[in-house]
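This structure is in structure tokens; I'll ask about it shortly.
The chains carry the letters A, B, C, D, E and F, assigned in the order they are written, with residues numbered from 1 in each.
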Amino acid sequence: MGFSFHYFANPARFMRASGKVLPWLTALTALCLGVGLVGGLVLAPPDYQQGDTVRIMFIHVPSAWVGMMGYTMLAAASASALIWRHPLAEVAAEAAAPLGAGFTLVCLVTGSLWGAPMWGTWWVWDARLTSVLILFFLYLGYMALAGAFDDAARGRRAASILALVGFVNVPIIHYSVVWWNTLHQPASVMRLGGPSIDPSILWPLLVMALGFTLLFLTLWVVRMRTALIRRKIEALELAAADAAGAGHYRPVTAP
Amino acid sequence: MSGFMHWLAMGGYAAYVWSAYGVALIVLSGLAVSAISGYRASRRALDELEAQGRTRR
Amino acid sequence: MDRAPGLRAEGLGLRRGGRRLFSGLGFEAGPGAALILSGPNGSGKSSLLRLLAGLARPEAGNLSWQGRPVVDDLDAYQASLHLVGHQDGLRPILTVAETLRFWIEVAGEAPADGETGTAALAALGLEALGRTPCRLLSSGQRRRLALARLLTAPRPLWLLDEPAVGLDQAALGLLAGVLARHRAGGGTIILSTHQPLDLPDAITLDLADFRPALSPAATADLVWDGI
Amino acid sequence: MDRAPGLRAEGLGLRRGGRRLFSGLGFEAGPGAALILSGPNGSGKSSLLRLLAGLARPEAGNLSWQGRPVVDDLDAYQASLHLVGHQDGLRPILTVAETLRFWIEVAGEAPADGETGTAALAALGLEALGRTPCRLLSSGQRRRLALARLLTAPRPLWLLDEPAVGLDQAALGLLAGVLARHRAGGGTIILSTHQPLDLPDAITLDLADFRPALSPAATADLVWDGI
Amino acid sequence: MRGLIALIRRDLALALRQGGDAAIAVLFFVLAAMLFAFGIGPEPGELSRVASGIIWVTALLAALLGLDRLFQADWEDGTLDILALSPIPLEMVVLAKAAAHWLLAGLPLLLATPLVGLLLHLDTASLPALIAAMALGTPSLSLIGTVGAALTLGARRGGVLVSLLVLPLEIPVLIFGTAAVSAILSDRAAATPFLLLGAILAGALALGPWAAAAALRQALE
Amino acid sequence: MRGLIALIRRDLALALRQGGDAAIAVLFFVLAAMLFAFGIGPEPGELSRVASGIIWVTALLAALLGLDRLFQADWEDGTLDILALSPIPLEMVVLAKAAAHWLLAGLPLLLATPLVGLLLHLDTASLPALIAAMALGTPSLSLIGTVGAALTLGARRGGVLVSLLVLPLEIPVLIFGTAAVSAILSDRAAATPFLLLGAILAGALALGPWAAAAALRQALE
């Protein structure tokens, strides 16, 4: 095994490429979010039965989707990190977790804010809500585990395994509404035979979804760049420590 | 103007709708701010190190 | 690198916590050979032994056993070695005999009869302690028992991390005997030690010689060029 | 029993798990004296050291410090000694510096300033490792740190259980220096060891001489029969 | 194979010698249930309504306690090195560990359930369903727990971290376990929850050992 | 005195460095409460009736977790020898340990109680009483737990054994704790249970350290 050369080269290449893409990504994100907000808050008509609360959907559903997508990304990155021990994959997984947790939190809060008027309760222990809450805890568990070892590499690998195991939850979230009879809406957009939502509501929803996804990607790239820089700093400090004559191991993350 | 007020009222659901959007704003912008400030900080740290002429060899 | 018997290492490098412990380390230990790893505290002897046992991945270089790279069939390789490290793997409540029996069954080669066990105990002068719980063993007695594991199953390659620590004169004699018999039987021994051991014509490998030339971490951040 | 300085033991006997380890053991160790406990594995060196530290009760005999029986004021006696046993009291997550700092504060004599700590680290060649978590220390590095505790607070009596285990040549030299300075300062040292140590004119006490008539092995079986 | 049996026998011997571990797990189960009897107040009506739920949760928590110890000791004293180097594949080792854990923390609870049911005024009609569900569910708990234990091996503060990781994964077991009981009572189609419990067990059997073994290899590196 | 502070600081440092121990303890608290919410079923009515009881029990169990670790590590690695030989009296050492345990396992739960109350539909009227009662009760839990931890020192499978020893001793706290809440609700004379909780605390403070220290001395011999 050992490290082949591309192992060393790739992070740098990523930095260069991402540096070029980032501005465009940011602009596109802002555009989508702007349009989506106007569409959702102003142009879209109130729902005939849910009234204006339907506007919560324009953040609730996209955040839900991104929360799930984020975990998928996390699992994929973790898998490649485990198999190829590629630093970029490790960094990607680390960077994705807090973002996914954030979006999931938004989904939870907006959901229960929507539930209060619609269901008459903030929270019920039904399958959909529960599985999302589990998703949230999986994110937290990933972060806790990744940070729980004083050998950072080991923490990363352990957390990666957790990410893979926890992935079973994602399909459960999606199909929970099918498998269990719950208060929660069944899938009306992502379903076979096309969406069953009125176009006037559908387009802002899709634009917002795109905006949230782009936001996730943008922040993801930024966090990956940050992590790579941190690693370089650590390496430099190690070198400095050695230059200072410390011929021994010294923790790169000293308090 | 009343139209604006009517819009703000969100058909009586203002509390729910606006707090939902508010929470989303807070959490997501929180993510953005932490990401960007973290990037700036590490950039600065790296520049300082390299300013001290610490390079690989 | 035709089917050279025994263990052969080439250009081994190991990194611990982002720092190179050693690099370009190579040796060849055939049947009957004894290789002594020396070097100051923290030079990487224990880490190297774990590496040789296939428990850790080397950063560079390759390791071959009987002429075949160990990574090709790690399980088969690991099934042909004994590693006795700093930790002795004793459980306080189990008696000496039970511990040994467990090792024999796990090794899965010798039948789990008493004989192998008693023989092993006798070889290190522990006969009397068979029914003593490990909790009550003295440091030297623990070490003796840990070494007795070497005799629970015949394995050609022995990796020993400071085997003589805490042993009294008598035990040192017994150990020397065990090692000599293993070598006579065509076995290979690689051990680390700080105190002199009675190992006729053993090769010594000083890890201090393989300290990486430029600062250990320096190599680490070639990765980040261009960031 | 006029106020003889130092530590004085008379007719000490100790029984462990129903087995008598030694009996009628006596010695006297004044200021600047060094007493080496030798004896085969399991002869009771570690047990004796814990006994001398007042952690275990003797079966017979009495122990006096500065001419006063230690039982009269156990706390005062224990506050005037350091015991470094087989376990080194290191916590994996704490760094070397933090561990030492904690020891200093608990010893409660020296002010908890960095100096004492850095001095102690330097004395055993650990300066470079201040920020390393103990989990990552090699066996010898752990031992060095455990010994550094001796310098966290001035105590006249040092009880050391196989202090030299796992130390490399350099560390052995440092240890010898530390011990010599302690004796020069009027300190008393009682240590157990299997390997020769550089301790000028030290008295050696072989526990084998105080083994009870009945062979321990024989009694051992008697003991464990009951279990 | 003989190696596996040896492993399980050793774990059992250790546990039983350590002051009757199984007995203690059961006692914990009973005591905790009693606590609820106190905490929730004596009215039988109240209790019996929540009984099956409480039994499941207590069982889950009982199975959780001491989980962090599953590999800890073997790891610290080097036994895990020996096992990793042994001819037995690490996945098998994990399986043996899980089996031992179930024999010590799962089976006894199963046997104690009738008594606890009595304590909590569980109505007897649901007892068989409850026991059947637990028989199907507790092995999954042990397997999932094994993964958690392996992942947190060497982690700072394994004891609590492991529960943080394991609880979310075990929640489905709890849901279907209780669902099974209530389904029987309200004689709805009771098959489904049992099927789902079975599915979870199958999944855990397939995924658990692999994941745990992978985690252990990381820990040893 | 400085020794004491050093001890507490060390325990806190260890715990917090170990991946946010406090945070994780709270998370466990929340998770377990959630579990009950499932187990017991969705109807808010049911839940709110048993909420305060569940909260007490969960807090008690959360405070129980990792208790076996309180002295175990110090004992195995020889730190306890060092402390026993130090000028600090062993009783003080125990007190410091208990204080650290409360700061890590008691205080955070106290702060998390409102949230958990929300999860379990606890009616807000009883929240203040509940928190007050917990503020008075949890220190006793820590102290009693310390004794249990010291007694089970050396019994390797302490994790479960300690809970077995400690739970019965802690039941009174639970009883009066819940009594305090219900008393407030049914505005009966609410003083008594609080007084009793205070009495228990006083007793634990007087007896706990002494008993634990004695147990530790035994373990060291």
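A few remarks follow.
Operating definition for what follows: contacts are C-beta pairs under 8 Å (C-beta built on N, C-alpha and C of every residue); 3 or more make two chains touch, one makes a residue touch a chain.
What you see is a predicted model, and the numbers here were worked out from it, not measured in a lab.
Counted as hops between touching chains, the shortest connection from chain C to chain E is 1. Chain pair with the most C-beta contact pairs: E-F. Taking the mean of C-alpha positions as each chain's centre, the chain lying farthest from the centre of chain A is D. Inter-chain centre distance (chain A to chain B, centres taken as mean C-alpha positions): 16 Å. Taking the mean of the C-alpha atoms as each chain's centre, chain B and chain C sit 55 Å apart.
One simple way to say how far apart two chains are is to compare their mean CA positions; for chain B and chain F this gives 39 Å. Inter-chain spacing, taken between the CA centroids of chain A and chain F, is 36 Å. Residue positions 86, 93, 136, 141 of chain D each touch two or more of the other chains. Along chain B, residues 46, 56 each make contact with two or more other chains.
Residues of chain A found to touch two or more other chains are 130, 137, 140, 144, 148, 150-151, 229, 232, 236, 239, 247-251, 255.
Taken in their complex, chain B has these residues touching chain A: 7, 10-13, 16-17, 19-21, 23-24, 27-28, 30-32, 34-36, 38-39, 42-43, 45-46, 49-50, 54-56. Put simply, chain E touches chain C in their complex at residues 2-3, 5-7, 10, 13-14, 17-18, 73, 76-79, 81-89, 220-221. Residues 41-42, 46, 51-53, 55-56, 59-60, 63, 98-99, 102-103, 105-106, 109-110, 113-114, 116-117, 215, 219, 222-223, 225-226, 229-230, 232-233, 236-237, 239-240 of chain A touch chain B in their complex. Considering their complex, residues 15, 17-19, 21, 24-25, 27-28, 31-32, 34-36, 38-41, 46, 49-50, 52-54, 56-57, 60-61, 65-66, 69, 155-157, 159-161, 163-164, 167-168, 171, 174-175, 178, 182 of chain F touch chain E.
By the touch rule above, chain C contacts chain D in their complex via residues 16-17, 39-42, 45-46, 86, 95, 127-129, 131-132, 136-141, 143-144, 162, 165-171, 194-195.
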